[in-house]
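Chains: A, B, C and D, in written order; residue numbering restarts at 1 for each.
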Amino acid sequence: MSTFGTLFRVTTYGESHCASVGCIIDGVPPGLKLTAADIQVQLSRRRPGQSDLTTPRNEKDLVLIQSGIERDYTLGTPIGLLVKNEDQRPHDYTETDLYPRPSHADYTYLTKYGIKASSGGGRSSARETIGRVAAGAIADMYLKQIHGIEIVAFVSSVGKISVPSTTISSTEEDEDHVDDVLNPEYIELLSTVTREKVDEDVTRCPHAGTREAMRARIIRAKEASDSIGGTVTCVIRGLPAGLGEPVFDKFHAKLAHAMLSIPATKAFEIGSGFSGTQVPGSRHNDPFVLKENGGLTTSTNWSGGVQGGITNGEDVYFKVGFKSPATISRPQETAQYDGTPGTLAARGRHDPCVVPRAVPIVESMAALVVMDQLMIQNARRATAAPLPPITSLPPTMVLPPGNK
Amino acid sequence: MSTFGTLFRVTTYGESHCASVGCIIDGVPPGLKLTAADIQVQLSRRRPGQSDLTTPRNEKDLVLIQSGIERDYTLGTPIGLLVKNEDQRPHDYTETDLYPRPSHADYTYLTKYGIKASSGGGRSSARETIGRVAAGAIADMYLKQIHGIEIVAFVSSVGKISVPSTTISSTEEDEDHVDDVLNPEYIELLSTVTREKVDEDVTRCPHAGTREAMRARIIRAKEASDSIGGTVTCVIRGLPAGLGEPVFDKFHAKLAHAMLSIPATKAFEIGSGFSGTQVPGSRHNDPFVLKENGGLTTSTNWSGGVQGGITNGEDVYFKVGFKSPATISRPQETAQYDGTPGTLAARGRHDPCVVPRAVPIVESMAALVVMDQLMIQNARRATAAPLPPITSLPPTMVLPPGNK
Amino acid sequence: MSTFGTLFRVTTYGESHCASVGCIIDGVPPGLKLTAADIQVQLSRRRPGQSDLTTPRNEKDLVLIQSGIERDYTLGTPIGLLVKNEDQRPHDYTETDLYPRPSHADYTYLTKYGIKASSGGGRSSARETIGRVAAGAIADMYLKQIHGIEIVAFVSSVGKISVPSTTISSTEEDEDHVDDVLNPEYIELLSTVTREKVDEDVTRCPHAGTREAMRARIIRAKEASDSIGGTVTCVIRGLPAGLGEPVFDKFHAKLAHAMLSIPATKAFEIGSGFSGTQVPGSRHNDPFVLKENGGLTTSTNWSGGVQGGITNGEDVYFKVGFKSPATISRPQETAQYDGTPGTLAARGRHDPCVVPRAVPIVESMAALVVMDQLMIQNARRATAAPLPPITSLPPTMVLPPGNK
Amino acid sequence: MSTFGTLFRVTTYGESHCASVGCIIDGVPPGLKLTAADIQVQLSRRRPGQSDLTTPRNEKDLVLIQSGIERDYTLGTPIGLLVKNEDQRPHDYTETDLYPRPSHADYTYLTKYGIKASSGGGRSSARETIGRVAAGAIADMYLKQIHGIEIVAFVSSVGKISVPSTTISSTEEDEDHVDDVLNPEYIELLSTVTREKVDEDVTRCPHAGTREAMRARIIRAKEASDSIGGTVTCVIRGLPAGLGEPVFDKFHAKLAHAMLSIPATKAFEIGSGFSGTQVPGSRHNDPFVLKENGGLTTSTNWSGGVQGGITNGEDVYFKVGFKSPATISRPQETAQYDGTPGTLAARGRHDPCVVPRAVPIVESMAALVVMDQLMIQNARRATAAPLPPITSLPPTMVLPPGNK
């Protein structure tokens, strides 16, 4: 359905050519200072037309807040907001419409609903993500201002051009010689990257040695009237330990759910991910060490900040795979709805690569997951807090009161 | 929380040393012929002690049905079931308990709840999956008997030993010469593999050329008192088109959520997954062709049966990454709960590799997702079915009545 | 929270002085012919200023559809809609604001959120119901057009003026002489009343012998700068048997939940309700008789169409109690937020009695419950339909196939 | 479905003649001291055979805890528990089974599911409530021990025999002479009644002047092989202000949902309820006065502790109507499943009146609602707590920090 979250919850509406797209955000903490401008920042990072790498449409995407805020403070009641669609007319019928676009949602929407919007894939439109980004921007602002939680995403690969991450060699024989599961430079990048750094380049790749090749790869796709996929990596720093709900709503399970609900996504991995499956436990396990302030930390973080589905206080990092956009203007041999074979060349201009624009969407969905899990854990802690301390159990079964 | 699903819903309980583990399954279709033996099949595939590759514990794991079935027919009411724990005493306290096991859930459970089971990671125990497998077995049986939907999972890699799947070369220059996104043999394997074939070998890898090396790799981990990870690939054949709920509950988003709720999972990809992000849209798109019986099919299936988050009627296939088990008997340098450094060597025998046993768990979670999505789509179709046919819209906006 | 429903789901936003109030309706059957005018009908019945019995404000309440509909057909995607607030400025601060209005939501909203809208009770505003009425209008239209389900509410009492319903005498000794649990004329009214009939009089009471007294009672309250409560009775005719989900989501439990979520409600009863608790089972039970077309019906319907929480195909009727409106312009001795005693006289004009305007709100909430339960039962039936017939059970355990 | 609650959540299973009935309770605060005996107290109050007023079956109803507790402390993980059914054989088929019992759930279950348990109404069995009572007992214990919240229910009427509550006269003319909306003695009873007091008499009516007549009424029903209904009133004392979620999950809406999910319920009212609808606002409104400790309280409490759907810190009291039990051994003229008319006389012994046994069930459902709403409000407060204080808004818009 179109609702995401338990206590911090967003419900979205809208498709390409209707009057507006928007959302209702329920569960926003009351008393938070919030203006449209706070939301607009991420919306503007999301919108097309920001560089020669994206589609030339330049929609303004101005957010209009409808409710839930008075004199710049949230009331705790639902925030309704919307962004008007520039082109609100139903799509004009042309010969192109005879074809379901290959690997797009035209066919599946028609099959699912028995009817589809004239513009095709309905809610699979990238414009649907406006509501998520707006909701995520609110969560993100709260998390950063109040808890110092930083969520930063960036483009980690375009086609075969990738920020170097793994040090795992491709041969079985090398197994015993690996020192690190992932590249130390990559880990360093994760711990320092900022949104400002990411936005310095239109590719939204903060790795100097890679972004030029990425840019060239996207331009090559564009010139070929083709498209290319890529990956977005995201790091969440400053998370408290204890988030994530056993057993079905593990922290990374909710993250994966959130990420794969973004259009064009096909893959997700947390921590060392697929590469880590190749590394023996003795080297993949993250040993504990004493923190300076007294608690425990881990000396490595191949787990990506999540163990047993619960955050352990280390950085959470994950990668999301986006397929090459389905809509290309290069002619494709395919079939019409009735099966007649033919050649389809999509009209108009299209994003040859979505990953730069996907960066704020990934951040927003991450913020929604963190905010919701934080509120659920807050409920548990606040409910358990007044219980008397336990003195009769073995010490390793009970957290010392100071750590609560 | 411990509940999964909207209309077909499982709620589980239990940890390692309590009286029993079990679940309540709500939303089972009434009038389905069902006995304990039907459920036991998958439970027995899940349990340890099946080969020299797994832990030597041999729990019987006999399912005891409590409700919801009378004279071998389901009543439509919740099915309560449980499996007794053989060892129901709280864990005895030893020096080992001073250490949170690295990369296990001991530390995170303690942090989350402020208290933990003496045995450690509480609900992160593999025994928790018994409830899911039992619930999944019921869904699986319905889907297969009534709709011919086949769900088959198998081990696709152990460490660096992998069933060959991708044909994508590692250099940018080769890009224009790739014919297939994935290996044709691999695609053939997906379309033909059966559970019987998978169970022929203790590795649960159906690929003759790979399983011996896998087996050797697991034995090497075992002999080194170490562990090794791997991947499980799963294919769902015979799915109807139209499953998956836009926008947040896309079919693959729910699959990812379900899969990453399984203990030790770190990664998920559907269709061509991360590899597919490297392939231009013109080659990655799946062209439509006329089916023999009149509808549309696609000539390739790099999408993995899901487009726009909705199934298109082609095979759904996905891969799940399992990290190397955290519990190893090889000594590890780490710290105690209070930060004191020391060496931990886990007691007892442990699975050096979980992927063979994870196969029925992956199948079961897949069955839960399919069943729930099928029921939701059934609700939509049955509600829309009596509406009068639409004659006033452009033909490409409306599915011809025969296809409903 | 601000979301209601499982498969047919409405989420609302908005309070008195924000930009707009509105909602997102998810789960609307695709392919339904629907225009703004279809929704406007019920919105217009809900709005104030319709007679001298209600507040003289005359807001236009024009619905603006944002999404989910194209060329007058629903797409199956969420319908976003909104109604602009005429007065969008934050409320000006006056001395009156020093007082929480007695029995209003000013105090509880402030306590709950720590902040409240300047206009007071925030989401407890009657304007919030616009979203519900709009959503209910869509459900209502589907239910009536496609299934012939009629939902009609009417005013059954104002103050002590009540449409005669019960025949139960007030003395224990009479017990054995009662022939009917409820008045036969009342039962006849329930089975024939229409919205047209209800709207003939501004009281929205269809009972000729009562409405004049009701009208006089409301006018008396108005003239006294006071207010008066009342009840709304609603009947749902044409419901299929089998709706309602055991055990927590019984049909009448969901109805009660829906009704008591309407502002100013304090009581709910279904069928013979509280009066029925006084009647022995031998007279209160509804005996079964053969229907003309072959199935079973009941010769009486004191159950109100629900038995064991599941509809039995008879008319569902229930009554909802609305307290006297809290906002009155008559001076009240009370205290300011800081406890200072004083006299509050609310400014402006207020509804002396809300029940006439509550009629379409009750109908809409009823439609939301019926639609959601219908879709859930549709899911169950469509999922169970392809199962083979059961031949091995005692005949009274299985419904004959023809009745399915 | 069979699940109730958002953060504190119970899922139940089981019917009359299956192996056991039980539940899974998720969201229990970790670190709570809890033994089976704590749960057994309410289960024993619920079970039949406690007096000559109830059915003579004497099931032991011993609770068996399966999980979630170790060494008498809750782990925060789900608590699975069950109570074995004494008679686990499917019901033997007799001529009586040809008849759907009038006003029972036999017919509706068969219609809903197409199959039913041989014993009839399946999950509508009173034994299903065991799971709820067990879950409620845990919530109740936490609420009382940690927050001093007391939940006490009692029988307030049997048939026409009622604890005097209202002072509202039956004639319109008296209107201006009423001093109190409800009887002061009744309000006093609500503020002082205890479970011990309630249990002093088998009727579970704490009002000395009424209970003898109630007892006689029940015995008269029993001797007539008939049954009689009644009401249960419940008071919740010590509730914090601020519970209840606008707009659909108002505190009393959730209470009503919970109460009407109990078998045999037909009516619910909070505060002055239906009677209060007859009283003008000027007399029904609850004026604010300064509390001794500085905050606000109300000098009357006709609202029943809920205003705008949110608790205001006053006592919550509500009444639930239970119909006369449908199963009576007195012969009834009715029809068989196939429509054949005939006479049904139910076998065995049956409760002539359920309200005494319903008392702990009402308390338990109330405890479930309070606990869940408390946890949700805890989440909100704990999330908003670290926000900086607001200084720029009019003082009546913001709660002073000390009151948070």
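Keep this in mind: a contact is a pair of C-beta atoms (placed from the backbone, for glycine too) under 8 Å apart; a residue touches a chain by one contact, two chains touch by 3 or more.
Everything numeric in this text was worked out from a predicted model, so none of it was measured.
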Centroid-based (C-alpha) most distant chain relative to chain A: D
Of B-C and A-B, whichever chain pair has more C-beta contact pairs: A-B
Between chain B and chain D, centroid-to-centroid distance (C-alpha), Å: 40
Separation of chain B from chain C, taking each centre as the mean of its C-alpha atoms, in whole Å: 44
Rounded Å distance between chain A and chain B, as computed from the means of their C-alpha atoms: 23
Chain D: positions in contact with at least two other chains: 1-3, 12, 27, 30-31, 70-71, 73, 76-77, 112-118, 122-123, 246, 380, 384, 390, 393, 397-398
Residue numbers on chain B that touch chain C, as the complex places them: 6-7, 27, 29-32, 70-71, 73, 76-77, 146-147, 246, 374-376, 378-384, 386-387, 390, 392-393, 397-398
Complex contacts: residues of chain D adjacent to chain B: 1-3, 9, 11-15, 17-24, 26-27, 30-31, 64-71, 73-80, 82, 90, 112-118, 122-123
